[in-house]
Amino acid sequence: MYIKEFSEGLRISENLLVTQVIKGVSNSGQNYLTIGFQDKSGRIDGKIWDINDHDYHLFQTGEVLNVVADVLDYRGQLQLKVISVRPMTIGQYNLEDLTISSKIPLETLKERLQAFIDGIKDKEIHRLVSELMTRHYDKFVLYPAASRNHHEYVSGLLEHTLSMANLAKMVASNYEDIDTDLLIAGVLLHDVGKTIELSGPIATKYTVAGKLIGHISLMSAEVLKVAEEIGIEGEVPILLTHMVLSHHGKMEFGSPVVPMIKEAIILSMIDDLDAKIKMVEKALDETEVGGFSQRLWALDNNVLYKPSKRD
Amino acid sequence: MYIKEFSEGLRISENLLVTQVIKGVSNSGQNYLTIGFQDKSGRIDGKIWDINDHDYHLFQTGEVLNVVADVLDYRGQLQLKVISVRPMTIGQYNLEDLTISSKIPLETLKERLQAFIDGIKDKEIHRLVSELMTRHYDKFVLYPAASRNHHEYVSGLLEHTLSMANLAKMVASNYEDIDTDLLIAGVLLHDVGKTIELSGPIATKYTVAGKLIGHISLMSAEVLKVAEEIGIEGEVPILLTHMVLSHHGKMEFGSPVVPMIKEAIILSMIDDLDAKIKMVEKALDETEVGGFSQRLWALDNNVLYKPSKRD
Amino acid sequence: MYIKEFSEGLRISENLLVTQVIKGVSNSGQNYLTIGFQDKSGRIDGKIWDINDHDYHLFQTGEVLNVVADVLDYRGQLQLKVISVRPMTIGQYNLEDLTISSKIPLETLKERLQAFIDGIKDKEIHRLVSELMTRHYDKFVLYPAASRNHHEYVSGLLEHTLSMANLAKMVASNYEDIDTDLLIAGVLLHDVGKTIELSGPIATKYTVAGKLIGHISLMSAEVLKVAEEIGIEGEVPILLTHMVLSHHGKMEFGSPVVPMIKEAIILSMIDDLDAKIKMVEKALDETEVGGFSQRLWALDNNVLYKPSKRD
Amino acid sequence: MYIKEFSEGLRISENLLVTQVIKGVSNSGQNYLTIGFQDKSGRIDGKIWDINDHDYHLFQTGEVLNVVADVLDYRGQLQLKVISVRPMTIGQYNLEDLTISSKIPLETLKERLQAFIDGIKDKEIHRLVSELMTRHYDKFVLYPAASRNHHEYVSGLLEHTLSMANLAKMVASNYEDIDTDLLIAGVLLHDVGKTIELSGPIATKYTVAGKLIGHISLMSAEVLKVAEEIGIEGEVPILLTHMVLSHHGKMEFGSPVVPMIKEAIILSMIDDLDAKIKMVEKALDETEVGGFSQRLWALDNNVLYKPSKRD
Amino acid sequence: MYIKEFSEGLRISENLLVTQVIKGVSNSGQNYLTIGFQDKSGRIDGKIWDINDHDYHLFQTGEVLNVVADVLDYRGQLQLKVISVRPMTIGQYNLEDLTISSKIPLETLKERLQAFIDGIKDKEIHRLVSELMTRHYDKFVLYPAASRNHHEYVSGLLEHTLSMANLAKMVASNYEDIDTDLLIAGVLLHDVGKTIELSGPIATKYTVAGKLIGHISLMSAEVLKVAEEIGIEGEVPILLTHMVLSHHGKMEFGSPVVPMIKEAIILSMIDDLDAKIKMVEKALDETEVGGFSQRLWALDNNVLYKPSKRD
Amino acid sequence: MYIKEFSEGLRISENLLVTQVIKGVSNSGQNYLTIGFQDKSGRIDGKIWDINDHDYHLFQTGEVLNVVADVLDYRGQLQLKVISVRPMTIGQYNLEDLTISSKIPLETLKERLQAFIDGIKDKEIHRLVSELMTRHYDKFVLYPAASRNHHEYVSGLLEHTLSMANLAKMVASNYEDIDTDLLIAGVLLHDVGKTIELSGPIATKYTVAGKLIGHISLMSAEVLKVAEEIGIEGEVPILLTHMVLSHHGKMEFGSPVVPMIKEAIILSMIDDLDAKIKMVEKALDETEVGGFSQRLWALDNNVLYKPSKRD
């Protein structure tokens, strides 16, 4: 049974991936652990009580455990009360069953990416984008777009990038005089720095360089360096670096410069649009029809309403 | 010759529409008038010096004058130094030559509007949108979207609405589970209140109700009233009123509620996107290649860069 | 014994109204409920542990229960540890003993309201206010002004409105040239929309229209509609709508327009004054002499000091 | 003829008080002076052109001149074009004709002040307020409340204080448990520091201590010092100092502490109310019926509307 | 054994000073106390469960107890689970073992202070600073700089003041034309008001005057009063008062005026610098090499990174 | 005669460097130019009237002209009214007489820079700083720190850097455990990107890369690239890049990350301190004793007071 199918009152026994381990002591002085578990269907927190010192080593981020537990409802969210665990070794489980991925097959995503790269007509832009993509390809197609909030799963970064590229193409078609090559290039490159900022596709956290430098500055340095190495000068590297740098839209959101070219303004707006829609979809998934969601920190702490279905 | 063709040093003699009249006295105690002129190609300010009291009445907003003037460069912008004027009566000029309109023919715009209305499948939404459109049709198809900033010309409101409807359809196609009927209805209705807020398609200013109540509240009241009159109850009028009310996205921008449904969030974001792109286009029109624009108040006071053309 | 008289260590057995029910699971996996109880003297939270599934139905918002419980001190606030409950049916209790009302008798409040309406000399304003009052009278005289914060009890809305009307009259008497009719009318109408925004006088929460549209826009639509229906045109409906819309004083507080007439500025300031004084009274009630209150979210998160009594 | 009666096109010859002198050079290199003139009816700016070096000394703040000048309309405001001036000596003019004062006779204001002081029942508060009033009386009854914005005329400070004291009494009567003695004392003392902050009743500007320390800190130090000198200890001096310090309501408005007692909250709100109403009255005085005022910096840069008179 | 040496799993029995007592009731209705303990090496929280009413009196802020307890790890921080306590009387413990002090001997700090005072060459400034120091000396040399955040220990105020005086002297040496006497005087006096704002060197909290008036206004009043008493007039008291008032740098941080003289600007910046460095040192003390600290409220809620040691 | 010696009423005839040219038309339709002139003693604006088209070419940024002009006082600032100009060719003037430079000889500045580089003990940091300095040396020692505000003259960037390095060393000496090598390296590198951001040492403006990318991102990319090229890995390049990126202290000031290591916090604070002191010195230079400066945009729009000299 997958996590998505768990319901209050069940006793489950399943292979689960450990994504987080937090030690605690209860008010009454009891030791316990809060464990983040996941399988391919979703995530669930668990609590394990009265844990012995020699059992701590079983719970490590990245391990796979066979977990026997009761499913409880804790403040409106399901939670596991862990009864026992047994470590599983490779071969005893199928990693694909335990990781959350984009719903779109990776091959499809890769083909779409290639189509967007191939569609860039300007030779310099095409060459620079191709080179940067080649250098970061392996990680770029597998990383999540974030450690939480939106697209926080395997290949989420690629899925987010392609959704934005679709929007970019549509927006460009609605106006005259948009430099589609520049816009698409900016979309494809804007978040590639996340492959350095984040630790990996599973149990994702920030690297030291990720926190101290950030994906925006890591990627803008990369664009300037690679342009120099492959001999592209003039405005193209400046414009693409500007798009990477400015894509958070405002300085207080971590962009050291605000968007000053039309395509950079569009890039920052469709990035915001795609991320917001994904966060809204996720929040409404957990909201009942005719009800209001929890407050969403990433949406200015507002709540969402889920309308009734009309006939 | 049209205003767009004026250049420094010319003496012109043309029929022009008066859109604004401001009295002034120079440092040296001289009376003068600053006049806003327009024809179908654009706008230009003029100065007239040493004006007699009995000439003031010639200069009235909405009048058409035959103007003889010298074209000067004043701080980087062309300006008229008016030498003499002669009032023109209807028949002596063609009003279409003097008003700025959407570049798209009105009939085309009207057909596109009808297509969007016809495309709404939900019966209640369709009936409510149709009724509201019918009641405000004559003004809605002619008014500008604003007195300045963006789409500030005849049928600008309709053009802005249709551009947003295009974007809405595209965005809806990029995601699952967007209620397209609701989204399109929200787009079509969101700014209809401007037909009450603004004075008319030419020499546009705010009405008293426009300033004291505002298009957002005027239209939300209209949606609730008409729904009641034609007997539509339940969530549909609430949701559409919510979309009208929340389309400025934040309370500090004049929306009394923030968007709380997915379609309202999308509406406010594509409204912002379409307006920003139009303002950027306008600012770049007046910027030379490789140069920076003036600071743009409506874009957080930032400047824009106009990239060089690539081969 | 009334809630106000409960003290730590007592075992009580009283009829109480259920105003809120929240399910929980303790750290140790135990099911429990947090119940909001009230009688006419005040409110108290209770906890009930190890609840069986077939007992959940006993706890419903709006039910009256005979509760046996121990009174505990939990973080400086009294709380009930519920031992057993018995459902009471109508006839077994007196609803007036269980609801919190304005301390002023309802008849007195109604008379004062009528006097203010009668005092309006301008015929159009009088007619519009009378009509709106008549249409919303039954709810207006019973609803609270809010679900919490201030005047959060039966007829609290009316009490708040009349306190403001008193202040309005006094302020008008201190200055020349204040339009008292307009000011009093604005005071009487400004919060009538709360009769649509809130669910009712007891166990009050927000309705869907209340959250998605809000009392400000609901009432401004009502003013415009009713003025149209009874044939009042010109500035009066615009000015009254403006007063309703702007009474929160700033756009970031949910007013789509800021106050632009003198009477609207005064209205928003005395609304703020009356609400603040009520919140301060309530916070000081729970503070000991010579001590500081808790931080008050609605007062910019500040604390209050309760001075010692002087001889 | 008084300034209030000047109209465009007149040549006037009147005694006027000089309140401000600013040197200038025109674009064409011409020397000129901008002079602030006033008489008891109001204020007007004047320009004098082609001034000789030996004439500069005639124009000194505080001097009275007989001015011959033409009245012009400069950007919607009347202005003097000065033709000649003649210095007047004491005896040649009546100072009362040249200074703007409260419309209420000084004796009346003084009596009202005394009545408020006499009405304080608490002995310590009465003694402290009396002593502070005695020490600052001469200046307190003549100073303006500000150099501009509101109550910016002789005895304006006293008039503002008494208007607030009236409001304070009214507000106190509308609620239970307000410490009227404390509130009235706070009102009377809150702005006394302006007698040190400002230079005097005529041609008022800030003193160095006024700018570097400010009336809030100057007066709070005075309250603490005088209480110590006359032997009042305990909470009374602390509470009154707190009311003086916190009367701007927020730290960003220059109060080093926010109001933390009920009476201090009321004090800061009625200070704001009285000042705002006065600024609104002043702005509407200069606005035509059915029109909008200039933007008012002190009212969050908003405009005001002046409604049409109803029958 | 000192608190700094406690580790998880130990059972300790030590004399500890009680600095804070908070009553609580657990979810399951159990009474408990949270006690703040300290000795000269640091601070630790403790919990005591199932406490009887007649034991409450043992736990009073300022008491010394012999505590038997188990050391637990609670959410990453050590905590005591108290088993039993025994009250200790003077003579049974050494107060110096129980209070946290500056690491620099008090005599050294006092000598450094005297040297800075002696170094002031301007006679008026020297006389005013000496007088103020003499009046507040006993408390000034023992008080902490704050109840928490930074320099929150015995003589912390003096240590902070001297560290700033060192910085002031260095900064003055790096530029021309800095008035060192004024700057050093401002540094020495700026926080003396904390001797009135805070309750004392041990178990420090805010006094009523401290909260309602604050150290900034208390000290500025003191400077003005003492200058008057010892007959110093002119700019010196104004400038020093200004430095005290403005040392928080911005109005929103509680300074009623912003720094307007060069030395006041420098004072506010080195105050900020010294406090920030101390807070950073403290946070990094509790962070492991190569790791990130908790979010620091006083540093805009940011985290800190503790770099690895280089060879 | 140098610009610093000009006084009102003089007719001058001097060689001056043109730093800015702005075309204008007066209210009365007259063409004129506003020219920025400078020599080594300072800057002055000039106006030239009734200019012929064939004279425009004489006025080019970077040209040296012999200027005959009258010195006027325009709104409290001296200004030239240009009578005639004569273009000068190289050889007819001495460029050193026409450019403003640091008052410290360039050789002295270079020696101090070398001493700071030599003082870095950590081998990796020393190698990376040396390499970066070598690559940018020629521009780094000549560029200004800004186009205006502070250190806006030849070698101003180097002077600012060295003043900060002095402060850094002093601050490090006042605390334990500051990594002086890292701090000094951060100081030396933090603004090197200005050599790409700005156009050059004379008539300085922003380059396109300067505006679209900015000195912060240009230099952080350079640090990462050069570290890679010379084979330095691990934390050193990350920490130095972090210091460059975070030196504006806050995201809203253009730093994409806030300072997260102790040395980065100190760097951003002494950068702020040195710049502020320089701006204050400059503003006070133009203020009379006992008077207040103009509002300073870069100091939160505050004014400064220049105290009287004490004996």
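Observations on the structure shown:
Lettered A, B, C, D, E and F in written order, each chain numbered from 1.
Here is the rule we use: a residue touches a chain if its C-beta (ideal position, glycine included) is under 8 Å from a C-beta of that chain, and two chains touch if they have at least 3 such contacts.
This is a predicted model, so every value here is computed, not measured.
The set of chains in contact with subunit C as well as subunit F comprises A, B, D, E.
Common neighbours of subunit B and subunit F (chains touching each): A, D.
Homomeric contact subunit A/subunit E is classed as different-residue, with under half of its interface positions used by both copies. One inter-chain figure worth recording: subunit A and subunit C are separated by 43 Å, centre to centre, where each centre is the mean of the chain's CA atoms. Spacing of subunit A relative to subunit D, judged by their CA centroids, is 60 angstrom. The set of subunit F residues touching two or more other chains comprises 27, 208, 211-212, 235, 239, 260-261, 292, 303, 305.
Shown here, the protein chains touch in an arrangement that is not a line, ring, star or fully connected set. A complete list of chain pairs in contact reads A-B, A-C, A-E, A-F, B-C, B-D, B-F, C-D, C-E, D-E, D-F, E-F.
Taken together, the subunit A residues at the contact with subunit F in this complex read 208-209, 211-214, 216-218, 220-221, 224-225, 228, 235, 238-239, 241-242, 245, 251-257, 260-261.
Across the complex, subunit E meets subunit F through its residues 122, 124, 163, 166-167, 170-171, 174-177, 179, 182, 235-236, 239, 250, 258-262, 265-266, 269-270, 272-273, 276-277, 280-281, 284, 292, 299-300, 302-308, 310. Contact residues on subunit B toward subunit F in their complex (touch as defined above): 26-27, 30, 32, 47, 49, 70, 72-76, 79, 81, 290, 292, 303, 305. Residues of subunit F touching subunit B in their complex: 23-25, 27-29, 208, 211-212.
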